[in-house]
Amino acid sequence: MATFGLMEYDDAGPEVRAVYDDIRAVRQTDTINNFWKALAHDPATLRRTWESIKQIMAPGALDTLTKEMIYVAVSTTNQCGYCIASHTVSAQKAGMTPEMFAELMAVVGMANETNRLATGYQVEIDERFRTH
Amino acid sequence: MATFGLMEYDDAGPEVRAVYDDIRAVRQTDTINNFWKALAHDPATLRRTWESIKQIMAPGALDTLTKEMIYVAVSTTNQCGYCIASHTVSAQKAGMTPEMFAELMAVVGMANETNRLATGYQVEIDERFRTH
Amino acid sequence: MATFGLMEYDDAGPEVRAVYDDIRAVRQTDTINNFWKALAHDPATLRRTWESIKQIMAPGALDTLTKEMIYVAVSTTNQCGYCIASHTVSAQKAGMTPEMFAELMAVVGMANETNRLATGYQVEIDERFRTH
Amino acid sequence: MATFGLMEYDDAGPEVRAVYDDIRAVRQTDTINNFWKALAHDPATLRRTWESIKQIMAPGALDTLTKEMIYVAVSTTNQCGYCIASHTVSAQKAGMTPEMFAELMAVVGMANETNRLATGYQVEIDERFRTH
Amino acid sequence: MATFGLMEYDDAGPEVRAVYDDIRAVRQTDTINNFWKALAHDPATLRRTWESIKQIMAPGALDTLTKEMIYVAVSTTNQCGYCIASHTVSAQKAGMTPEMFAELMAVVGMANETNRLATGYQVEIDERFRTH
Amino acid sequence: MATFGLMEYDDAGPEVRAVYDDIRAVRQTDTINNFWKALAHDPATLRRTWESIKQIMAPGALDTLTKEMIYVAVSTTNQCGYCIASHTVSAQKAGMTPEMFAELMAVVGMANETNRLATGYQVEIDERFRTH
């Protein structure tokens, strides 16, 4: 189904293998998601995307669980079936319980609703929201 | 700018005033956001929306700060200017530091990018992501 | 603000004037919306868009009011400020009362919410929904 | 496929069963859509969503058919496969003929087109559209 | 799966057949995509859509390959599975190499990311971008 | 308006100044867009975003003009006012004529329309589109 197919480790050149090795090391797992295997046909994008993900998803002021839940929120808003499936599992691995998931979905649904009400009613931004 | 204008407390009927009073009590503030004042022209929607928000945004398995950051994530993805302005302030009031905001935005940006890469490359969902 | 400015009737060539004349005749008004004036810099697109709008928005199995409300629903979902402003006025001219507007917005908000819940929960399509 | 599976009546607790009973009574049917069965894993969201839908979709200034068509319009704009399948059937049950569907789709398509033309050409909102 | 099924040439009336004939002549192929076969249940929309596509996608200031890649970019941004599949093939037929596809996807991903960063950070439009 | 304001060169630390210097060198201009000045409050994101943009937007299998037009196409689809303003100017600097812009917009509008028609009619993907 993937446009150029999925590139397995055995068929990959050294640049792609290096990324696969790093993914395995950082994520402490042998599996490489289909997403990376599809992207591998463009090694430059594979590497840049993985480096960005590594940087962005590392725990910082926000922990990994929070970051994964934000990822699910965006993917759901965008209706991306692959990403919802993938990041729901990642969030669960990071500690997301069914109760957390339920609340996350409730907020995502409500936000998508009020975003449209605010714009549909052409509400002007309150002056006190302007910080600069 | 709002389609039917903004309804101030003094011009509101009892049903709307009741909601304004509750917003003030729950949020511990005198201010009523323009969003509610615009929605007040449909008291049924005002009441239902406020009751839902009260329920959904109350701390639970996820705390209020996390919920507000999810709200910012969705509003940013949907490009809703009003909601970004409003919920950025709410999240800051709930404890979001500039570092947290920066990481939140980085995740939102990255998720919007990889959502498109996954779909553009027509990546099939990994079997192990299917839980049911 | 418009990328190439707004083309007024007096500055327009015959192809654009013909479209402006038709808009005025069909809509029974002297005013030409900024949308058409901006599009006029590409006469082919102006003509094709106007001809499509004329065809699509004419009353048929659905009346004009219903069609304008659908237009508002889509524009709100897409967060298009210009189109919300423009079509809210068109819908009001076609007979949309404040009560209708309120119900329209409530449906639009709810649909945007349940669209995400359905996808976020990865709900499979019921077999009995498949008609072909 | 649903993240936590689909909860059947027999496996449900009293809170969920109460909602299923109400859905059956209001919709005059025995069937419970997969959407509700997936949501049932969060009884609070199931109940709140059903109560909102009941309120919002009841005939008022707009009849049920119009409301269902608006739902299809939003779901199509958002590319939600489940909701398009589900609400197309609901709209047909409410009286949507193939001619109505065709016109609905034509408007949805055109609105999604002109939304982008208006924004792409950076068209400023006409002063006479500003009502407040 | 298509709401009213797919209309084959043999089952089509003269208006639809005329469009199918024209598609075959213009595209130099015998095949009619499922998209047209689904749309054929509304001959007016089928004809109008085909006439628009013919006009818009013909080589002009932009060549066909560039236009097809823009089509893929929009379809990916909107997460339209059918259109991504269809226009990826069209673009390849117009000369899109795997390297071009990879760069196209990289731009689409990045644009979707920076769109959100710009809006999330509430960046005001630089004065020098205003041309009118 | 920007959430944390716009950081000018004189107020920036060495990490941000290094990025500003590089932008000026690569783009052969003294101006730093508001986008970068807003992002500068998170130097890590500023640097990562600039490095990605440099890589992705460099001419390759696709030239810079084509890439900038794809950027406008995505930004228009997403309704991002800042990005439309910014990249329209970038595309013009890269050689986009008014005729090219007109054709670009026509394709973007049409693609947004047919994306919804394909999904609204629930069209199944043609078998011959599946490459893997």
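Letters A, B, C, D, E and F name the chains as they come in the text, with residue numbers starting at 1 for each one.
Please note the rule applied: contacts are C-beta pairs under 8 Å (C-beta built on N, C-alpha and C of every residue); 3 or more make two chains touch, one makes a residue touch a chain.
Treat the numbers as computed from the prediction; the structure is a model and nothing was measured.
With contact taken as defined at the outset, chain A and chain C are each touched by B, D, E, F. Among the remaining chains, A is positioned farthest from chain C, on the basis of C-alpha centroids. Averaging C-alpha coordinates per chain and comparing to chain F, the farthest chain turns out to be D.
Of all residue numbers used at the contact between chain C and chain E, over half are used by both chains, marking a mostly same-residue interface. Matched by residue number, over half of the contacts between the chains of B-E recur in the interface of A-C, chosen from A-F, B-F or A-C. Computed centre separation for the pair chain A/chain E is 27 angstrom, with centres defined by C-alpha atoms. Separating the CA-averaged centres of chain B and chain D is a span of 21 Å.
Across the assembly, chain A contributes 1-4, 6, 44-45, 49, 52, 77-81, 85, 88, 102, 105-106, 108-110, 112-117, 119-122, 130-131 as residues in contact with two or more other chains. Contacts between chains leave no pair untouched here, as each chain touches all the others. Against chain D, the residues of chain A that register as touching in their complex are 79, 88, 98, 101-102, 105-106, 109. Chain B meets chain D in the complex at residues 1-6, 44, 48, 52, 55, 130-132.
Across the interface of their complex, chain F is touched by residues 72, 76-77, 79, 81, 84-85, 88, 105, 108-110, 112-117, 119-122 of chain D. In the complex of the two chains, the chain B residues touching chain C come out as 3-4, 41-42, 44-45, 49, 78-80. Chain E meets chain F in the complex at residues 1-4, 6, 31, 33-35, 38-39, 45, 49, 52-53, 56-57, 60-62, 66-67, 69-71, 73-75, 77-78, 80-83, 85-86, 88-89, 97, 99-100, 102-104, 106-108, 110-126, 128-131.
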